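You will see two complexes here that share subunit A, one where it goes with subunit B and one where it goes with subunit C.
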Partner chain A sequence: MFKKLSYKKQEKVIVCLFLFVPLLFLIVFTFLPALYMFRLSFVEWNGFSGVKKWVGLANYIEIFKNPDYFKPLLNSLYYFVGGLLQLVIAFYLAVLLNSKIKGKSIFKALYFFPFLLNGVAVSLIFIFFFRPDGTLDSILKVLGMGGFIQQWLGNSKIINFSLAGVSIWRYIGLNFIVFLGAIQSVSPEVIEAADLDGASEWQKVLYITLPSVRSIMELNFILTISGAISVFEIPYIMTSGANGSSTFVIQTVNTAFKFQQVGLGSAMAMVVLVIVGIATIIQNRFFKEAE
Partner chain B sequence: MKKVISLVLLATMSVSVLAGCGKAATSSTTTKKDITLNVLTSRTDIVGTTLKKFGDDYKAKTGVTIKWEGITDYNGDVKVRLNSKNYGDVLYIPSGIPTSDLGQFFEPLGKSTDAKVKDYAFNTTYATKETDGTYTTYGLGYGMSADGIVYNKATLKKAGIEKFPTTLTGLYDACAKLKAAGVVPVATNFKDKWPLSQYDSMAIPMSGDANYNNVMYKETAPFSADKPYGKALEVLYKLVSSGWVEKDLTTTNWEQSKPDLGTGKIGMMFLGTWAIPQMQEFATNKDDIGFAPIPTNETGKLVANTGIDSCLAVSKNSENKKAAQDFLYAFIGSDYGDKNGFIPAKTGVESTNPVIKEFIASGVTLLKATPDPEAADKMSKIGNKATVDFYGGLYTQNFAIAAKKSRAEFDKIVKDYNDKWSKAKTTLNY
Partner chain C sequence: MKNENYTAMKVKHTITSILKYASLILAAIIVIVPLLVVLFGAFKPLKEFSISGKLDIPKSLYLGNFVTAFKDGGMITGLKNTVIIMAVSLTGTIIFGAMVAYVLNRFKFAGKKVILGAYLGAMLVPMVTTQVATFQIINFLGLYGKLGAPIVLYLGADVMSLYIMLLFMESISVSLDEAAMLEGASIPFIFFRIILPNLKPAIATVAIIRGVAIYNDFYIPFLYLPDENKRTLSTTLYKFMGPYGGQWNIICAGIILIMIPTTVIFLSMQKYIYSGFVNGSVK
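Let's look at the complex of A and B:
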């Protein structure tokens, strides 16, 4: 029966069959739970009781009325700025490692390595790094900069900077490798032509390299926004969100599971989804027009 | 030929996806000897040692195999599992379940006045009140724990404190002396949150009323300095603002604090009798570990909030309910409680731990609450709405941070939480 179909039709059938399994996973583990959560955001439920009380938009109103719930959103700004800094540093390192220097492979591996580590392990290591008389304090003392020692996590004014720093260290590897790949794909003839025209290194970066990584920059910008809104792992494991380091997603998890208000927690998760969605749309419009 | 191979591969992949579904072979026709009980526990630290040994001994005696399942985030994970039918045969009851929902998840053990049930203290904590005034019990515990201060006798002696203080001023003086001796006077273990639950427990001795939590939900400003919870938080304020706690609260480490207490780096910790064996394990000298009630006023009269530790229950969906019940009684009636620093819950059984015996012999009055499930539900519902997680430690962290900053910050946070509490109370109409 299969042989009787035209080649095009056979192709279609094979493609559909192969797509069936991943689609099944996507629907069962992503879309269905998301739809269920959307429904949960309109009820009041403690997570296990048989009773779910319908409350309409009350959960959403609570999120925007009660500062307890929307204040942690402000902490995302630290991670957003950190993310931008991350892009700049990653680009700089990629440009550096594209030039003629010794030991390229070692440095490439060193910069990429943190990204391969498990996020929980990274968070636990940095707790020891930042604790009083821990690694950072010891290094500063050895360098004679003991006067700069602060309570990196104990001081609520700088705790978010410390955590954003950990985030930069953790995720810079991916940006770096992607930028490096894009830079290396620039045609060598263009570089030669620029050399012949007498362009300086800086001019080459500005007018050749930067435009060639433009589309990656755009993608990373949107990832930075969605990453900053949904920061969870690093602050949750290092400080569980205490001392002013709480983020919106940490608040969501606590609301749903500690305070047993699953409806409110689901509403908060929907808010994250909407924010990221809006950011994506804006970025698409903005960057598409620029082209 | 290639097409056939690829189609077969695809078919195999699809089948393997579905292979996980469907029930495993049901052992409905097992003989008595083939029974395996799944027991969930939060004690991941002893699941492979003490608990395993108990299970092996039980199997030797009765032929029933015990499969322990240690869960790290016990409350979080088990509460989610309650939505399914798979939460073991016997399990510790997780926190935060309203007593009205107990019958939904657990098998009743009988009336609180029934033969085996009435032998255990606190048999009405996890029970529902029937219309005829009797209680149907769902959970029973192996031991009670009294809350108090675990301290290192040698460390205190070195700092010039001969006898453990019996007044609040005496406690503060002791803290100052310890700080002068270069020791952390009181370790809060801020980061792990649950150790801060002591400041909730302290409210009971502060109020002098064992049943304070049964009327607490009626308060409109419970965190003010003249109310029991407020008084306990004032102690926290004094400790943090005087620098009598760890240098950096956000990086404390529970496991590290145990040897630190045992080797003289930390002087005291507000915990419970359950912590005594754990501290003794890490002490340079086991006999250095002492336990005393928290002095809460100037009268010198000592009281200690005593409550049941975790309670076990039988799952409503267990396939071996009778065997599960038998195991439950065997476990709680054994010496597990006594050997692990608990005051035995079974009436007539004395504690054999020397530190606990010393503690009880000191003349301290053990305050035991008469559970009122309805009042407990109200208190916990208002708490959840007001983001106050009693015995959880999350909200207490905010008080500690404010205390570190300034008196004004602390007063502000007291007002904030009072407002949140009264708003939640009004919304719920309690």
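Let's look at the complex of A and C:
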């Protein structure tokens, strides 16, 4: 069928044919929802009645006036600081594994493995870990530090630290493996030259290794921001946002689906979209510069 | 003098070495212990589980918990649904990605920049939050409660696959296409017989990254597939907390079961997985 057409004509047919369905999917399931959500953020609606009442900016005002809505946004700070710590630890482990070490591939596999695990499984593992008389309490007892036992998921002053810790455990593997890749791509001649000049281990890290991962560091720093804003799965599964562990996205999901305030939920979702959007744009800028 | 210096250096070297290994082993313990305790728990019958310490090694290799989790817990159904969703979404994502990447990389046409921009723009839209509105669209299309819902969403909101494919397309020389054209091959022939086979590494990367993401996804099936017989592995395991809340030995078995495929694939394809994720996240 195609053979009879000239290449110019074939090209036109193929361009249309190959783009049509994928673009249709992209529009219907990515852009349409975003636009529709923007519109819904100005109405009051329970999600199923025929009446959508136009309320203008009332939903947005509600978010920033009512502490129930904006307070969970502050919990993002725990995950942001946790995320920075995660970058530092991942870099440290990558530097260590780049030196002469026995059992390198085993360590590498171990540190990366949690990243591949199912989020529900990770959440349950850590409910088991933190629950009273669970893994952590048992370890503390064995070490003779029973006095330090806390309500890890019950105390509202501690819960966010516990959850941010789980987040580090789950995601550090990716940072680690990316850093390791970047560090290993530093040419051995540079290192040899530094050795000849009598550079110490510390100096080599500071002046050779760190600059080699700089752009990736910056990229990940931005990702940490948008990641901290959109935290959802771990606290939702582990605590359903109880004991002061709610996040902005949990609050959004509950507002829209549990309390059926679709308009308000949409406005909250728009706030996340804008913050993540800005972070992503900055990230792309950084990335382009690095190129 | 020289000797003293040498000993000092040696001592310093030994200390750094010890510190290095101490850090590495500590990190390894932090990774392993939470998992190991769950593995131990999965092999303990309820009675042993209740009286033994969490860190105690199980007395026997009791498999009853796994049977309960798999059969009564509904993990069979979960596995079936997960496999269907993964098979269709991955095939679709790979075909979509390859087609779009081929067209965008090889041909010049009006609106090309707009399309590239659209895919770039799609990266700005966080999936978790737009579900508030996506939900209405899925409902409107009559897909709510059907396996089709997660499938179309995984296909329609995936930019990563295209980027990986585009990157690999650049490395496939245009001279291959031109040679085939001289022989009179049609463009579909070139795509299916020349481009697709050459895209194999990209296809593997996409299959790994997207496969892991879809297998592990909780939120989409949780939102769109509430029926018991439509649950995926993730949502099945999530529901364990209710009926098995008092039987953590069974929850532990469920956790281990869901981790088995991941572990097997990781151990057998380690190299591809590392490079897949490194390429996928940096580029």
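Definition applied: the second predicted complex is superposed on the first by the 253 of 291 C-alpha atoms of A that agree within 3 Å, B and C clash if a C-alpha of one lies under 4 Å from a C-alpha of the other, contacts with A are read in each partner's own complex, and residues count from 1 in each chain.
What we mean here is this: a contact is a pair of C-beta atoms (placed from the backbone, for glycine too) under 8 Å apart; a residue touches a chain by one contact, two chains touch by 3 or more.
These numbers were taken from a predicted model, which means no experiment stands behind them.
Chemist: Tell me the contact category for A:Phe257 with respect to subunit B and subunit C: first, second, both or neither.
Modeler: A:Phe257 contacts both subunit B and subunit C.
Chemist: For A:Leu116 in the superposed arrangement: first (subunit B), second (subunit C), both or neither?
Modeler: After superposing on A, A:Leu116 lies in contact with subunit C but is clear of subunit B.
Chemist: Using the touch definition from the top, say if A:Trp169 reaches subunit B (first), subunit C (second), both or neither.
Modeler: Touch partner of A:Trp169: subunit C, not subunit B.
Chemist: Looking at the overlay, what does A:Leu19 touch: subunit B (first), subunit C (second), both, or neither?
Modeler: The second partner, subunit C, only.
Chemist: Any idea whether subunit B or subunit C touches more of subunit A?
Modeler: After superposition, C is the partner touching more of subunit A.
Chemist: Determine, under the contact definition given at the top, whether A:Leu143 touches first (subunit B), second (subunit C), both, or neither.
Modeler: After superposing on A, A:Leu143 lies clear of both subunit B and subunit C.
Chemist: Under the stated touch criterion, which partner chain does A:Ile159 make contact with: subunit B (first), subunit C (second), both, or neither?
Modeler: Once the two structures are laid over each other on A, A:Ile159 reaches subunit B alone.
Chemist: Answer with first, second, both or neither: which of subunit B and subunit C does A:Leu196 touch in the superposed model?
Modeler: neither
Chemist: Show which residues of subunit A both subunit B and subunit C reach, each in its own complex.
Modeler: Residues 2, 14, 18, 21, 47, 127, 134, 257 of subunit A touch both subunit B and subunit C.
Chemist: Quick one: in the complex, what on subunit C touches subunit A?
Modeler: Touching subunit A: residues 16, 20-21, 23-24, 27-28, 30-35, 37-38, 41, 53-55, 96, 99-100, 102-103, 107, 109, 115, 118-126, 128-137, 152-153, 155-157, 181, 184, 186-189, 191, 212, 215-219, 223, 233-235, 237-238, 240-241, 248, 251-252, 254-255, 258-259, 262-263, 266, 270, 273-274, 277-278, 281-282 of subunit C.
Chemist: Taking the complex as given, what residues does subunit A use to touch subunit B?
Modeler: Of all residues in subunit A, those touching subunit B are 2, 14, 17-18, 20-21, 24, 46-50, 68, 127, 130-132, 134, 151, 153-154, 156, 159, 239-240, 242-244, 254-255, 257-261.
Chemist: Can you tell me which positions in subunit A touch subunit C when the two form their complex?
Modeler: 2-3, 7, 10-12, 14-15, 18-19, 21-23, 25-26, 28-34, 36-37, 40, 47, 89, 92-93, 96-97, 99, 101, 107-121, 124-129, 133-135, 138-139, 142, 169, 174, 177-178, 181-182, 201, 216, 219, 226, 230, 232-233, 237, 249, 252-253, 256-257, 262, 265-266, 268-269, 272-273, 276-277, 280-281, 284
Chemist: Which stretch or stretches of subunit B touch subunit A in the complex?
Modeler: Residues 3, 6-7, 10, 13-14, 17, 76, 79-80, 82-83, 96-98, 101, 104-105, 190-191, 193, 247-251, 384-385, 387, 389, 392, 394, 397-398, 401, 405, 420.
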